[in-house]
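What follows is subunit A paired twice: with subunit B in the first complex and subunit C in the second.
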Partner chain A sequence: MISKLQGKNFWLIILAAVLAAFPFFSDSRTMTILLTQIFIFAILAMSYDILLGYTGIVSFGHAMFFGVGAYTTAVILDRMEPTLGMFILSVGAGMLIAGILSFIAGLLTLRLKSHFYAMFTLALSGLFLVAAEKWRTVTNGNDGFTFRAPELFQDRTMFYLAALGCLVLVYLILSRFVASPMGRVLIAVRENEQRTASLGYKTLHYKVTASVVAGVFASLAGSLYSVSLRFVNTSVMTMDITLDALLMTIIGGVGTLIGPILGATVIEFAQHYLSGLARDYPIFERWIIFFGIVYILAVIFFPQGIVGWFRQIRAKRLGKREAAIRAKQPVLKAKAEENG
Partner chain B sequence: MSRLLTLENVHTHIGQYHILQGVSLTAEEGEVTVLLGRNGAGKTTTLRTIMGLNPASSGTIHYDGQDITKLPTFSVANGGIGYVPEDQAVFTTLTVEENLKVAMRKEDEAAMARQDYVLTLFPDLKKFWKKEGGHLSGGQKQMLAMARAFVNDNRLMLIDEPSKGLAPIVIESVMEAIREMKKQTTIVLVEQNFSMAAGVGDTYTLIDDGKTVQNGRMEELVRDEELKRTYLGIA
Partner chain C sequence: MGLLMNLTVNGLATGMLIFLLAAGLTLIFGLMSVLNFAHGGLFAWGAFSGVFFYGITGSFIISVVGAILTGIVLGFITEKLIIKPVYGNHVQQILITLGFMLVLSEMLKVVFGPNQIAAKTPDYLSGSWEVGGVILIKYRLFIILIGIIVFAIVQFILKRTKIGLIVRAGVINKEMVQALGIDINKVFLYVFMAGAALAALAGALMAPYSGVVYAEMGLEFAILAFIVVVIGGMGSFPGSLLAAILVGLAGSYMAYFVPSLSLAVNMILMAVVLIFRPQGLFTAKEA
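Now for the complex of A and B:
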């Protein structure tokens, strides 16, 4: 499974190069903004995949880390000079806070069985949402506040490239992470925690590490998201964000890293076009209902997600080819014997 | 010879159920101790209790002179006890290579040498080196599960029903591997197939309704028709 990650890097480099060249060949501002959103949510979904896909942890509180990143960057850029240096500092600060927070939350909650853990993260995330709403002096509550992005990012193309760069970097880091001995243990934990413990692993440590890694990269996505809007309010901490990450991961294919990127692409495009159809067809004013139906159908008919579905087809083809080779072997052997 | 493992009057509860109600056994260093008994007697729970997967509610477990009764599973394993659970328990989405690597406490020269040795015991695994565990046959999975426990320098191996659900020809190669392993480590084996158990076992512990009924040398049990009929249903 892990070794399969290496070979496809060539195609990913080509894809990244095409995406990097896109704004220089297209003058569609809408498409540039949409692709930027896809890059950001792909980072969030990949971070969620570390939890769900690689460690088997279902969290309903992932938006908390996204929100921490969004608010840290927004508050620092709002209160300090909005320079590139300050942006980088704010991203680092957000990741640090999210890392500490996910470490503490993980240590407190990951001893619990999976469904209790999911409920606990939901409660914790709700607590942070309420805190953000009530701490008006800093967050301005649900009204939120606007702030200035660094001058470099005033240019949408530059921010697009920065978001793409972050996506590629996060993908490479997480690919390395899941292919490392640590990644192997996480997969083992996902498959059977007791079996992993009986090999001598203190599984709680590995689960907390996965939680920290996921929290840190979710915070990065949050920082980028707030800069893309140049606005932040408490919606960055709502359950909707966690559900988006969850569905992007499931629709793309859990435990694949590339799947969440595809999932983010499909969902962001679907959201964009379904809501756009409302201009011509009033029924699509309720596009969220159609979206819900798409989700249900996807989970019923593609439980392994897009990547899982493609892998299944490839495995079937390989299986048929192997069977065909096996079937031919006695014939070839007989011919060889005939020929002496 | 010295006692490597001793269980004294061990009781284990799983939820509200009192599964082990007084299991006592000893495993001498360098020997194969076979746990025998009917289905549901408590053999698997005994192994799981030694590993700390179902902690003992009372009684004591001593390994190499140390009390390990209350130790968590990972500490028990790191103390040098390898565990091969029943039902060909491999990591299905990891390849054969990754299954062995994840089991290694250290990826040093000694571990690699042990891996090479394990591959001589189970040459099939080399053929399917890059194949995911879930795509192996039942026999190959069992071999991988045993190989995984053997890549570390474990002094004691707990092996749970290695022949369960396997074809006779595969069972023979699994038993052959256990005989080889016996030269290097102490084994506590749960095995339903009495003739297989008698073929590799030096001593036995007979468990019935969660209690130890009898301990002794395997050759004595082979001769004791009454005991075999009463507790193992062998006529």
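Now for the complex of A and C:
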């Protein structure tokens, strides 16, 4: 335990402590809000990485789970009393709905080739977006609605700490999850599904579980997001959210939990500053093109992301065989043609 | 009666447009197991360039030809730059084609501006005929006609020509075709360009049908095309026609009778197919 603390975890604890102390030393409102946003999207990106990085499943419907969380929390807080208890209840309800949804989506498509899950989640999230636009009595369509956040979260600093706490908690839960026997099987599925199946593992069960875990934590991120804005509209269901999660995961580093957090930090800061630049240089209004190009190049040339890159550098510097093995991070690898 | 007739014509017209999109997708998938998420982007480019060429030349035929050429060029670029580097790697392919879709639709906003653009129907195709008390809108019949012609041409190529034979064989067993000394990658490039041309044609025909073009239309239609590909069976060309008509008709009837279910009905169709016949209704090979 102590030896473990001296390694990576030690630095993470320091980092979390510094971040927790940050709002008491700085009174930059923008920075507090930006960091809160980063914490929330880091949760979303980590949940996405359970699918993409650990299990090798591509989902294009992550915005749906995010949106389910956001709307559940917003509707419950709006219709009921905006108390902390109601908030926790709404988070739980959102996670439950997202879990059921991802269970169904997984059960229907995960026994087929990886394309089916991507297509099905894309179509299903398209359906949810239209439903959110059309079901105006609940969602008020594209205009959205504002609601009152619980009193405790009215204070930006308190909400900042709550989001940070959630991030740390989700990180701990997910790192236990991927280190568990369950998580090991997921990695085995990613590496070679047929071989895993022939070892006697029911890979469908494991893949559906990964889908559910990802959906549930994405919903948590959505709940936090809507409370951070105290407003919700259909934008939480759009493809942009899925793309954000994808970009953060890929650029940060797939198959790790630190990667998505790093990715969320990089992307959020870049968005913040690039949209600032857009005021002076109109070309930056289309900053998403730059991201798209960076993303394509990353998929081709840089499939291990920032974390993988660091590991490579470290492996080179140490020049040790051990480090080289540790740096091997064969994610995004082709899954051999499953079932022909 | 008139109402049912109109709904049917509507559904068939929409179905034909989806078919043009899904035909390329299904053949591309059947040949190389590449699921092209950028297909909707090619569709949107077809729509915008159709409107653009119509605006400068005033000729509908030139605008359609221009859109098809745009599709071919973009298809070539997509295959060479985006698909080729990640052959054989499904996860990377899915990720990269989606990224390209994003770039394509954002580029539309850079080139043509972020707002939606109105699209005009040429005079000789606007208006309607009245046949026995039923009003038939000319442009919708025109789309159905084009769809049938394209289906016949592609079916002829697939069934009666040498390249069609190679494509059909490649869909069933790619390795065997390669073993016989045929460069499947080159065949795939042609099929990809042809698929892109069909998507662009669909876009160019869609523009006057919906009246406006906007950058997000690509993704919206691509979702319908994916549903069609799943229902029809991956790699099945006739399947994509039948499934597209099914989806088009279901959407059109539902939009009238149970509007709130019009999008859900396609999802339900897809879910039912996935549960009971995951290889698709008219499959060419095992899923």
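Criterion: the second predicted complex is superposed on the first by the 289 of 340 C-alpha atoms of A that agree within 3 Å, B and C clash if a C-alpha of one lies under 4 Å from a C-alpha of the other, contacts with A are read in each partner's own complex, and residues count from 1 in each chain.
Definition applied: a residue touches a chain if its C-beta (ideal position, glycine included) is under 8 Å from a C-beta of that chain, and two chains touch if they have at least 3 such contacts.
Since the structure is predicted, the reported quantities are computational estimates derived from the model, not experimental observations.
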item: Contacts of A:Phe60 with subunit B and subunit C, given as first, second, both or neither; value: second
item: First (subunit B), second (subunit C), both or neither touched by A:Ile296; value: second
item: Touched partner set for A:Leu246, first subunit B, second subunit C, both or neither; value: second
item: Contacts of A:Asn142 with subunit B and subunit C, given as first, second, both or neither; value: neither
item: Which of subunit B and subunit C A:Arg286 touches, first, second, both or neither; value: second
item: More subunit A residues in contact - subunit B or subunit C; value: C
item: Partner chain in contact with A:Gln154 - subunit B first, subunit C second, else both or neither; value: neither
item: Subunit A residues contacted in one complex by subunit B, in the other by subunit C; value: none
item: Subunit A-touching residues of subunit C, taken from the complex the two chains share; value: 29, 33, 35, 37, 82, 85-86, 88-92, 94-96, 98-100, 102-103, 106-107, 109-110, 219-220, 223, 226-227, 229-230, 234, 260, 263-264, 266-267, 270-271, 274-275, 278, 285-287
item: Subunit A - residues contacting subunit C, complex; value: 52, 56, 58, 60, 108-109, 111-116, 118-120, 122-124, 126-127, 130-131, 134, 239, 243, 246, 250, 286, 288-289, 291-293, 295-296, 299-300, 303, 332-335, 337, 339-340
item: Footprint of subunit B on subunit A - complex, ascending; value: 1-3, 181, 184-185, 187-188, 191-192, 194-203, 255
item: Of subunit B, residues touching subunit A in the complex; value: 51, 53, 72-74, 76-78, 83, 85, 89, 91-95, 98, 101-103, 105, 107, 130, 132, 148, 152
